[in-house]
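Okay, got some structures for you below.
Shared chain: chain A. Partners: chain B in the first complex, chain C in the second.
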Partner chain A sequence: MSLLATPRDAGYRSGPDGARNGAGRGIRRGEAVAGWLFMLPVLVILGVFLLVPVLMALWVSFSDWSGRGSPLSSGVGFVGLDNYAAVTTGGGLAERDFGIALRNNAWYVLLVVPLQTALALFLAVLVNRAVLRGRGVFRTAFYFPSVTSSVAITVLWLFLFSTSGVVNTVLARVGIAGPNWFNDPSGVLHNLLGALGLRTGPDALTQHGFLGVTWWDWLAGPSVAMSAFVLMAIFTTSGTFMLLFLAGLQNIGPEVEEAAMVDGANAWQRFWRITLPQLRPTLFTVLTLGLIGCWQVFDQIYTGTQGGPGKTTLTPAYLSYQSAFLSQDWGQGAAIAFILFVIIVLLTILQRWILRERPDVPRRSRRGRPNPRPNPSGNPDRTTEADR
Partner chain B sequence: MTRPISRHLAGAGAVLVAGALVLTGCGGSGFADGPAAQDDAAADSLTSSDDPLSILIGSSGDAETDAVTEAVAAWSEESGVEAEVQVASDLPQQLSQGFAAGSPPDLFYLAPEAIAGYADNGSLQAYGDLLANKDDFYPSLVENFTVDDTFYCAPKDFSTLGLVINTQLWADAGLTDADVPTTWDELAAVAKTLTTDDQVGLSFGAEYQRVGTFMAQAGGGLVVDGAPVADSAGSVEGLEYVQSHLEDGTFAYAADVGAGWGGEALGKGLAAMVIEGNWVTGALTNDFPDVEYTVAELPAGPAGPGTLQFTNCWGMAADSPNQEAALSLVEHLTSTEQQLAFSEAFGPMPSIESAAADWTSANPDLTAFLDGAAYAQFPPNWAGATDVITDLNSQLESLKTGDVATILGTAQSNLEAIAE
Partner chain C sequence: MSLTLGRNAGRTTGGGRSRGTNRGTNGGLRRRPRKALAWQIGLYALLIGLALVYVYPFLVQLATSVKTEADAAADPVSLVPDPLTWSAYARLFLRSDFPVWFANSAIVTVLVTAGRVFFDSLAGYALARLHFRGRGVIFAALVAVMAVPTVVLLIPKFLVINQLGIYDSYAGMVLPLLVDAAGVFIMKNFFESIPASVEEQARIDGAGTFRIFWSVVLPMARPALVTIVILSFQGSWNELSHFIVAAQSPDLTTLTKGVASLASGQLSQGSQYPIKLAAAAIMTIPVAVVFFVFQRRIMNTSEGAVKE
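On to the complex of A and B.
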């Protein structure tokens, strides 16, 4: 649980303004009731459409509900962790499917999150430059894929990446025989190793595994089909995150940058040492949203491949749907959804810990002189030293 | 910026939890009053009321929708019971929602692989034994819809797989009617003759639902007579035959020649022969009207002829308030006359033996499909069988480089895990 504690140690502890907790006494007494009244519609809507369904799903994941009638009716029994056990330690098809889905999605996240973040940042920096002509046009163009329906884009992608589609035609022009994209279940890393002559893994990897999938298969990399989805995710979402970065960039005052120029920093140094550190809050938002979105990928799979070829585009979100609606294993479907939830939360905490505000003593000593002004990102890491 | 937000979030969270407790309180009691739980699925007595019927179908296209709508409207007029046909965009999902909410459609298309799951949770009304025309259905179709010795629902129609041949490409290769293959050796020979740089001899989808015919012809299959036989000698021999010809390039999966399915491969001239079912006729007429084809029975393997059959039934909901009317509608929809009309409209074969003669005279070119009914196997209809077949299919995609014994061994252990 040190993960939980660390960010707070690093400067998120609430400060001395706890005194405001006292509001609501005396002359302002009636405000609380009015406040609750104003919030009631939202609370009711959130409760009915969000919280109650989530709690019911949580109950289903611990029950033997079979999909008929209400999960809260008397015939439904509590089965403890049976559903969770079936997909994590059952040893059967359910466990292997879950392992495969996690494998696929982990590779997807590993590729999409860094690439889309980097591309979004790159686009934002480009579009943010004052000298660029027609900035509005570029902004709109980059953002356009994000406002298009993901179903439409998926269908477009299926056409582009079909065996005799545009992508393969273009590749053929330059002398490359393109793969059979959405029908190719082979892992990209396995293919690379295969090209180097390594076609079967060492026994240490093929004889042992996790969640019914051998280590060798965990290392298969995304399949060629999944790679096409990776490209699509980067293409569609980098526009959205470009907007977030753009907003972040426009919040940064020009003074610090100018000061750095006076100090003789070149453009590359200014980006890494001045701009990027100030974008840290935005970066955290983008990475978190990207992480969550990537682990929940569903609609592309549902419209595009339904988990094929060779189950290599199966994701936990789609597997959850499949177990519940198609196989009538409602408990397992809900259990998968909650395991996915835990994975996302843990990864977000981990990422928050990695991106935490570190005490900036090392930075100061590196520069050999104090910062030109208090931390410009506006984060309260000044309180750090006082807290200690 | 972090501190105020986190405090607000904490406050909002507390409020939400409090609100949710209140809401689940009242929501819970509402739900608990829901549908009377767990009727006896095998009850002889059907419900009866004046409620209109709703029928949910997963349609292959306008032709099917119109034909079913017309047939239901005709029955409605005759019987005086209102009935409405709805086309599902995602049938399994909409059915599941209906069952969960306690308001399912009265009648619906139901696939054999889904029947065990719905039968187990009591969603289905078993009415097979109440049908007036019960003995007219093909016995193998009845077996498809029998779970725990209960005949649940009436097969609405069926299809089998046959060998569909592009006559133009056949003649171009110098082959005649006498060359139509009847054994594996002959199939291999003509496939080799027909394979050129631009086309393969035989193509089919990379799935058990096509490749399984070879397993059947060699005496194997997935489930035969209620026992899993996925790793039997016959199954292995069937897959090895396919594997050897995928390797020498005379057979190819439809996806590998750049087609979505066998019919497309045939229509585009990418394959001279394909293994497809009755539905191929409608698709070829619509998409490739200029392509001429003939249909032959699949060649026999070492253990004799073998094919697969596919069917759906008219499922009836246990929660339906008007089951007697629904039963009468099913009898109307599965009558000889009505099934022949459906067959003419959208292709499948009637599920009753008394319609066979009329169907044969109406479709002299397609008799190979109906002949297959005599020896067809069907995919297992056990609960969980869909997952097993999906898993098998995912491995069949790489059959060319895979190990047959491993693939079938996995399928066998998966089947044994769900065996009844």
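On to the complex of A and C.
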């Protein structure tokens, strides 16, 4: 503390005339040192516990380290892409497990991201009304699940969705026999097709596959057990994203909306044509955060099902943990982690690209933009470019 | 598809309606209150219904924690325990490792929160105000760090913690969490929003960089610091995966790890839902208290953060 303060104090006091010059240079020099000193703890900790580990794990993913001793010791051999090959093209159990985990998580993402975004937006619009009484209470109610730990929520969920639990009891009261939630490995889509009489897939789908999983099994949909996790994710994250949407809504000036009202646009039109386009930046943020979060499902699986029933809640993140820490297959565990990393990065880039491209597509209809009134020739997509 | 249809439908009906309102403002005024009232009632009904769905699970959790196991199984929906019993809590606190878990979580959370408040604001100040070579590179690196998904770091973190010989120690549990890139970001943004004139005055008075930071700037940063406290508290109290890979000794088990092991049935025979839900309820209390104390700030901060 005093070390940093002294040089400048001395420089300033050295003489009234040269003081300004001396102090000026001193401040510059002191600042550089102080800047690095201020950054030091963050740099050291992130370096030691983030950068170095990633490099070490990258090495492990190319090695045959068995978990004994240090992965940097001389006895550990370089095996090239063997670990990556084992989980992607090996044809064995490792490949199949990875395929199953990817399928499970893909369905999870496909359901959770749109649903949580839509629900969060819906809640935000409801709660944002100026005339609403007790909106603080409603906000609190919707946000509260977001602050609790995923472990506590999972424990609660295991109880709510147990065979004779709260959900099934409520369902029974309205005459529905609820499923065996966390013990039911059957895929939701397969069940729907089964109800229509289609119990086995066509040969084209059952004979071929990807990553050791047949196309028919890829199309199984999330298992009933995974669906319970889907509901849980929507329940816990919609509050957080509602806050983001609320912030976005409050940034929108009332002028455009009022103008639209004067022009006679009804509430439904105003939402789709005025509000939503202006919320576009927030929408990007929510979708990206949702996508990244959904590919990292770990806590819930670790606490709740450990991948069961029938591996239908296995996710790449949990599989990576399982391979390394439980099966001592460190190379494969690390390889899965890096593949997952690449998937997340690629999907994030893809999503940004898709969402960034769209404003340029329906350029021709822009002339009609400031007029929110019904436009018979209106291209439905044209609303999306109103925020530009 | 259906959205598009809905929008088109709305458009046509809207056309008719708009003409109607333009024609007779008086009639509209007379008609509006009754219609608005119906809307209002519908809105409140919807909101109350939704709020119930969000709150009811937590009420069930509390109620079940003071039920007997037979009662919990027989009538899971009821919020009235019959009979009321505290045996789940007694079991947790008197005949299990639960107090150890709680203490460990508390220790780790306090240390991590203190560390993050101090280190994040130091770094945030440096990035916002101090001119030094390499600042841009560091900033870019921080952005990159924030993009790394935490789940990918499980194995890497274990490798380094093991290599450094701090596996199964508080050091291994606390040190890697002591700093977070997002917190540095929040502090940097906040410091940039403070006018520099205050610091210049202090500088002219001869205060050193750390003194300016500590006694002039930091006190002004209270709102941002509270944000960091809330986020770190919540983050480290709810952290699970890091503690799984950083320690295995029962003496170092945190609440998240302990309750997760309860959930997979390591302490009990049978379902034992009252005990599990009591454990989950106690675990929720500290974050709930922080949430309700700082509620207004939590709601407003995230609004302010995006607004800037």
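The criterion applied here is as follows: the second predicted complex is superposed on the first by the 319 of 388 C-alpha atoms of A that agree within 3 Å, B and C clash if a C-alpha of one lies under 4 Å from a C-alpha of the other, contacts with A are read in each partner's own complex, and residues count from 1 in each chain.
Here is the rule we use: a contact is a pair of C-beta atoms (placed from the backbone, for glycine too) under 8 Å apart; a residue touches a chain by one contact, two chains touch by 3 or more.
Nothing here was measured: the structure is a model prediction, and the numbers come from that model.
Of the two partner chains placed by the overlay, chain B and chain C both lie in contact with A:L46. When the two complexes are overlaid on their common chain A, residue A:D263 makes contact with chain C while staying clear of chain B. In the superposition on chain A, A:V170 makes contact with chain C only, while chain B stays out of contact range. Judged by the number of chain A residues each one touches, C leads among chain B and chain C. Contacts of A:G310 after superposition on the shared chain: chain B is touched, whereas chain C is not. Once the two complexes are laid over each other on the shared chain, residue contacts for A:W272 go to chain C alone; chain B is not touched.
By the touch criterion defined above, A:S73 reaches chain B but does not reach chain C.
Contacts of A:L81 after superposition on the shared chain: neither chain B nor chain C is touched. Of the two partner chains placed around the shared chain by superposition, chain C is the only one that A:V155 touches, whereas chain B remains out of contact. Using the contact criterion defined above for the overlaid structures, shared-chain residue A:P185 touches chain B, although it does not reach chain C. Note: residues 12, 39, 43, 46, 48, 52, 70-72, 162, 164, 324-325, 378, 380 of chain A belong to the chain B contact set and to the chain C contact set alike, using the contact criterion stated above. Within the complex, the chain B residues that touch chain A are 1-3, 6-7, 15-17, 19-20, 23-24, 27-28, 31-32, 34-35, 37-38, 92-93, 96, 99-100, 102, 114, 117-118, 120-123, 206, 255-256, 258, 383-384, 386-388, 390-391, 393-395, 397-398, 414, 417. By the touch criterion stated above, chain A contacts chain B in their complex at residues 12, 14-15, 17, 39, 43-44, 46-48, 51-52, 55, 66-75, 92-94, 96-97, 162-164, 180, 183, 185-186, 281, 307-312, 324-328, 378-380.
By the touch criterion stated above, chain A contacts chain C in their complex at residues 1-2, 4-9, 12-13, 27-28, 30-36, 38-39, 41-43, 45-46, 48-50, 52-54, 56-57, 60, 70-72, 123, 126-127, 129, 131-132, 136-145, 147-156, 158-160, 162, 164-166, 169-170, 235, 239, 243-244, 246-248, 250-251, 263-266, 268-269, 272, 282, 285, 292, 295-296, 298-299, 302-304, 306, 317, 320-321, 324-325, 330, 333-334, 337-338, 340-341, 344-345, 348, 373-375, 378, 380.
If you check the complex, the residues on chain C that touch chain A are 4, 6-8, 10-15, 17-19, 21-22, 40, 43, 46-47, 50-51, 54-55, 57-58, 60-61, 64, 73, 76-77, 119-120, 122-123, 125-127, 130-135, 138, 142, 145, 147-164, 175-176, 178-179, 181, 184, 203, 206-211, 213-214, 234, 237-238, 240-241, 244-245, 255-256, 259-260, 262-264, 271, 273, 276-277, 279-281, 283-284, 287-288, 290-291, 295, 298-299, 302-307.
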